[in-house]
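Data first, discussion second: the structure below is written as structure tokens.
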Amino acid sequence: MKLLVINPNISDDVTALIESEALRSASPGTELVVRTAGHGVEYIETRFESLIAAGAVAEIIAEHHGRVDGVVVAAFGDPGMPALKELADVPVIGITEAALCAAALQGHRFSIIAISDRIRPWYLDCVERFGLGGRLASIRSINESLNAIGSVQQDFKETLLALSRQAVTEDGADVVILAGAPLAGLARDLRGQIPVPVVDGISAGIRMAEAVVGLESGPHRAGAFAPPPVKARRGLSENLDAALAAAQSAPAASKN
Amino acid sequence: MKLLVINPNISDDVTALIESEALRSASPGTELVVRTAGHGVEYIETRFESLIAAGAVAEIIAEHHGRVDGVVVAAFGDPGMPALKELADVPVIGITEAALCAAALQGHRFSIIAISDRIRPWYLDCVERFGLGGRLASIRSINESLNAIGSVQQDFKETLLALSRQAVTEDGADVVILAGAPLAGLARDLRGQIPVPVVDGISAGIRMAEAVVGLESGPHRAGAFAPPPVKARRGLSENLDAALAAAQSAPAASKN
Amino acid sequence: MKLLVINPNISDDVTALIESEALRSASPGTELVVRTAGHGVEYIETRFESLIAAGAVAEIIAEHHGRVDGVVVAAFGDPGMPALKELADVPVIGITEAALCAAALQGHRFSIIAISDRIRPWYLDCVERFGLGGRLASIRSINESLNAIGSVQQDFKETLLALSRQAVTEDGADVVILAGAPLAGLARDLRGQIPVPVVDGISAGIRMAEAVVGLESGPHRAGAFAPPPVKARRGLSENLDAALAAAQSAPAASKN
Amino acid sequence: MKLLVINPNISDDVTALIESEALRSASPGTELVVRTAGHGVEYIETRFESLIAAGAVAEIIAEHHGRVDGVVVAAFGDPGMPALKELADVPVIGITEAALCAAALQGHRFSIIAISDRIRPWYLDCVERFGLGGRLASIRSINESLNAIGSVQQDFKETLLALSRQAVTEDGADVVILAGAPLAGLARDLRGQIPVPVVDGISAGIRMAEAVVGLESGPHRAGAFAPPPVKARRGLSENLDAALAAAQSAPAASKN
Amino acid sequence: MKLLVINPNISDDVTALIESEALRSASPGTELVVRTAGHGVEYIETRFESLIAAGAVAEIIAEHHGRVDGVVVAAFGDPGMPALKELADVPVIGITEAALCAAALQGHRFSIIAISDRIRPWYLDCVERFGLGGRLASIRSINESLNAIGSVQQDFKETLLALSRQAVTEDGADVVILAGAPLAGLARDLRGQIPVPVVDGISAGIRMAEAVVGLESGPHRAGAFAPPPVKARRGLSENLDAALAAAQSAPAASKN
Amino acid sequence: MKLLVINPNISDDVTALIESEALRSASPGTELVVRTAGHGVEYIETRFESLIAAGAVAEIIAEHHGRVDGVVVAAFGDPGMPALKELADVPVIGITEAALCAAALQGHRFSIIAISDRIRPWYLDCVERFGLGGRLASIRSINESLNAIGSVQQDFKETLLALSRQAVTEDGADVVILAGAPLAGLARDLRGQIPVPVVDGISAGIRMAEAVVGLESGPHRAGAFAPPPVKARRGLSENLDAALAAAQSAPAASKN
């Protein structure tokens, strides 16, 4: 199984964190192709930054069209989801939706621990859009300035631990999600110190993608995630244009 | 008052429909600047096409940064909303959210009449995301192939009228919304023949934008719609880069 | 365009505040007819007081039947809504629903700043009934006794400013609504001092009514807001009786 | 225990139906005082008619202030609820909320069988406002003209039976509610012919009022249903004015 | 009328509290049969303990099959509900659902006062499952260790009173529910000291069961609460097996 | 990794179906221990049958306490969930929640295809309890009598295919879930004939359990899924008693 793992941001050090944790999480037979966004921002905190990132992710998915078995979009907040699921014939999974499922299968209410206050409304949108808003205990976040995005988990380890514990004791979280690619791998460190299951977004993304790809549920040939109908288009990148053309020429579902 | 009206699609004939209805709807003192997306598809039917359009709209908003009093995003489904509200210091309003408000102020339940079956899940997402899903009576749609996007309202006038009446009698709609820029202006024709108020997306977009711009509520200097925090970015268009830079250098809210 | 603006309470000094802000907000071509409730209480804080006010507003709407282009019910909490929309052939709009729309078009979550603790459950009912409860960040209120209803905005200016800022920083409000006719006009003063858009109920009511009336969406000839079916009635005021009779004799929607 | 049972409409023949079923339902020690609205319409089908009825009911409650142990508002749709609960020191219960509770305690999903199509949106509002919208299987209604409100249950017995059965087999109702005072007593006839529990609004109103009055839970001296704060009022009826004055002079809750 | 009242726990001293309050609450003509769970735990605090209790309650219901007119399941959290309603031809009512109805008929928002922090998620599940989660103001709980389950109401009277008052002043409760059989009867003591109606679970269970049984709504012969279809079963207790057999041989609803 | 897979019913032929599909789905390193309920019914269609099954599943989990890495409860409707998650220190996952996650990661709306009409309310409860009710397109079911539970998928293959296609074309399903252990393995057959991804409950249960177990998120030492507090218990089976004792003596979370 070959998974394309995309960092929707331009930060190579975060890509390195993603890759490390992805490698630790992947099953023996899983091959990983890890890519960094070609354009965008250092890290996503807002709805508009997420929109920019979505476009960059689309380009990378299109570039790898037909050459991977699944895609993991490795930024919390799931930029471009669920729209990007239309673009490929294989599962395209965001790390937030993967983490939400991993949490929901282990408890009833969960909390998300985030790297900045500004990021919270976007995360909340994402949880509500996925449909699990009713199970969200809280989103807690660091409210200090970050030094560098690549060292957040070292710089704020104690803060993140304290936020996680507060989520359990004050907000009623049954599971804690350490959100965001910059925190990739931290869950392994903190588990013994937090009295409930702790979910890492990257690990959840890899594991859940493996599970879903392994199910071989079949492609979308009808419905809202089938390739868009053929129509005039203009000004798209060569890759994107080709991906849309390829998708649209796939055998349509026979009506019955 | 100067309003930038953006057709998020590449179809010039739909831009013409938009412009005509926008001119009919605008108040005397309102100046309109109408633009067509620089890249994208002929008309949006899916979540992914909407994502492409969102990027194209962002470019046009950025290009006009600081030179208009408000922006109307003139495709039903509100591509890029609410993210695009971050990008400008002035109100940025989608025609769907405007039409939903216009409908919600005139009745309790409303129906949306749409140009294709495929478009419905995207519209439903949009209504639910805006928070008024509980007041949606139905989304009804043409389920035949379209000849040309610019002539949908002529080609399917009787069908659209029948769908509107069914929405009232079978679905309990108190108000009918004729959705989509390709239907711009049709509401004026059909009103006498539909026994409830009929809302046109473009008219609603213009009128609601005028109302909100006129309120002079002030800009976002804090919270989720303030300009994104300053951080490294790469590969953005010149206009977008400049718009982000300008927004971020605006005087921040003084903390209290 | 002629708008009937009704103060649902008996307080003439609040009517004066309403009229001043309404005049400041109205577009050049808009004529305002401002009226005070003929019976009721000084200001509405509870569900029952709102019920009394609804009856008083109905009388005034009935009295002006057929002589105005739209009606603004100028008390936050929208007494009698949406029932009063049945009573006239023209748009009848409450200032709360108008303010909610104005806020929802400018951000995602909004807070309401209110003049008393007791008033909050009624306001919450109103937001939930309109269907936007999911976007309410908070309702914050003055919890001191009021000296006089006409001077609340002077007497508590600093408190109202502090509550507004807390709504932004603690509750995540993207937009602040200064609720209640007694606060009419205060938003103009406070805007520079609150770091998000600030919406005034009266202004929003006037502007949104202008927008909706301008859309000329057509009357309700079927559905839940058409005039009630003809049936025996007794003991109603002359005006109300006449208004119901007139509405019921309007040409019914032709069935199809 | 003395219960005041109010027909919110002016139809004496419906009052007779209410009284008969109320007498059949009441426990041995319960005394009933049955009253008809002093003004209003023949029967309520719309939100506005319900608003008129609410005012009429308020007058009767005020007239009996301090002289009964509980009040039953005997029109489906619960005109004036929950506002009317503020007006008395004793439980004030609508037959809809009583029927919803009786149904919810006997099954999971319930359907409402109503006497006219027009009445459905108002009933739906009522169920949603009470908070049990998620358990509503359907509202089905007679869609023919009524001959006389007092003979609906005879004239449409077969239709009502068919609608009830459809609610079970097609909509998944676990319990059927025969809605509206004009159907008072019909449930006794139809029970054997409908394969799920059948709830009569009037019976449920009487039984639930007896249960709640019997609990002696104590009055509202604080919170949203305490009497409204003292303030200037004008133009109210003598009874209403006296009831408000009496309520407001009750010993306030001691703060702690 | 004969009511079977079941303590789903093995604690005889709590059964005594239940019986005392049930006797105080029951109407003259009501006969009570009070039973204690044959197996299980001392008191239920968790979802799993509730599952164990549900099985124990099923045994007692089965044992009394056909010999009572109604059943009250006397533990807050309603173990086994709504499944247990399938098992008998008579109303089976939990004290939580009864208390929620009693509260919802007396105010809009209610709070639950509970005996331990651990118990809160289970109670919250129960309120949400019943469908009234939108009206829950708060669940407040004792967060100290209990000495003995039979003396909780004496040992923590002041704490429970303080929690009740906080629910009113801080959480906006219109009604307070004292939850859990160990608090049976306490509401009678505290009423004068809490400024809103106070509901006791046991009293509410008895009164609501009397009301519902008195309605004689008829049995479930179709739908989700009819007896389960006949099929092979194995290893059930003699009583349970007999009860299922008896239920399944009841005359099925005649299809129409 | 060793997974305990429990058929909550007494039907050995369904256990065989479960085991076959589980073996086809499991990853190379996964060892399966498959068990059949010791008591209960042939197959679960109702809430009460599910309650019986929950008790039987608890016994098997208790019996294997400490000897497996994860548990799959292999009946659609997830009997005993989420309560059973308290009982073990390892993930306990129902096939419904697993299938819902697998579906939700592949599309937005999903439908469930079920083996009998009676089963639908229970399934609906389950989806709503998990929190994804807002994404459910429909539950469609066979409405004919079953010959034998072990041959349902052969006997009704065409019906199940037709129901699946209707879910896509009429209900808007993006993904179809073939529900229930009796349909285990059928998805592999039907995939090419249904134009959207098709999810099998058993496969999803195995794959999702592998993914979650593989995450090693850590146990519940606090919160709602920690082992129940120590207290008197009576009459439990030896295994269950031992499992509770073992769980409760695990090192508690250190408070901070």
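Which chain is which? They are A, B, C, D, E and F, in the order written, and residues in each are numbered from 1.
As a working rule, a contact is a pair of C-beta atoms (placed from the backbone, for glycine too) under 8 Å apart; a residue touches a chain by one contact, two chains touch by 3 or more.
Note that the coordinates shown come from a computational prediction; the quantities given were computed from them, not determined experimentally.
Visitor: Hey, which chain ends up farthest from subunit D, C-alpha centres compared?
Guide: Centre of mass proxy via C-alpha means gives A as farthest from subunit D.
Visitor: Rounded to a whole Å, what is the gap between the Cα centroids of subunit A and subunit E?
Guide: 43
Visitor: Measuring centre to centre with CA averages, how many angstrom lie between subunit A and subunit B?
Guide: Averaging C-alpha atoms per chain gives centres 28 Å apart.
Visitor: List, in ascending order, every residue of subunit B touching at least 2 other chains.
Guide: Counting only residues that touch two or more other chains, subunit B contributes 82, 108-109, 121, 125, 134, 172, 174, 223-224.
Visitor: Which of the chains touch, listed as pairs?
Guide: Here the touching pairs of chains are A-B, A-C, A-E, A-F, B-C, B-D, B-F, C-D, C-E, D-E, D-F, E-F.
Visitor: Over in the complex, which subunit D residues touch subunit B? Could you list them?
Guide: My answer: residues 120-121, 125, 128.
Visitor: Over in the complex, which subunit A residues touch subunit F? Could you list them?
Guide: The contact residues of subunit A facing subunit F are 25, 27-28, 82, 85, 91, 93, 97-98, 101-102, 104-109, 130-132, 134-135, 165, 168-169, 172-175, 187, 191-192, 194-200, 203-204, 207-208, 210-212, 214-226, 253-254, 256.
Visitor: In the complex, go through subunit B and note every residue touching subunit D.
Guide: 108-109, 134, 172, 174
Visitor: In their complex, what parts of subunit A are in touch with subunit B?
Guide: 10-11, 38-43, 45-52, 54-56, 58, 80, 82-84, 86-87, 118, 121-122, 125, 129, 223-224, 228-229, 231-236, 240
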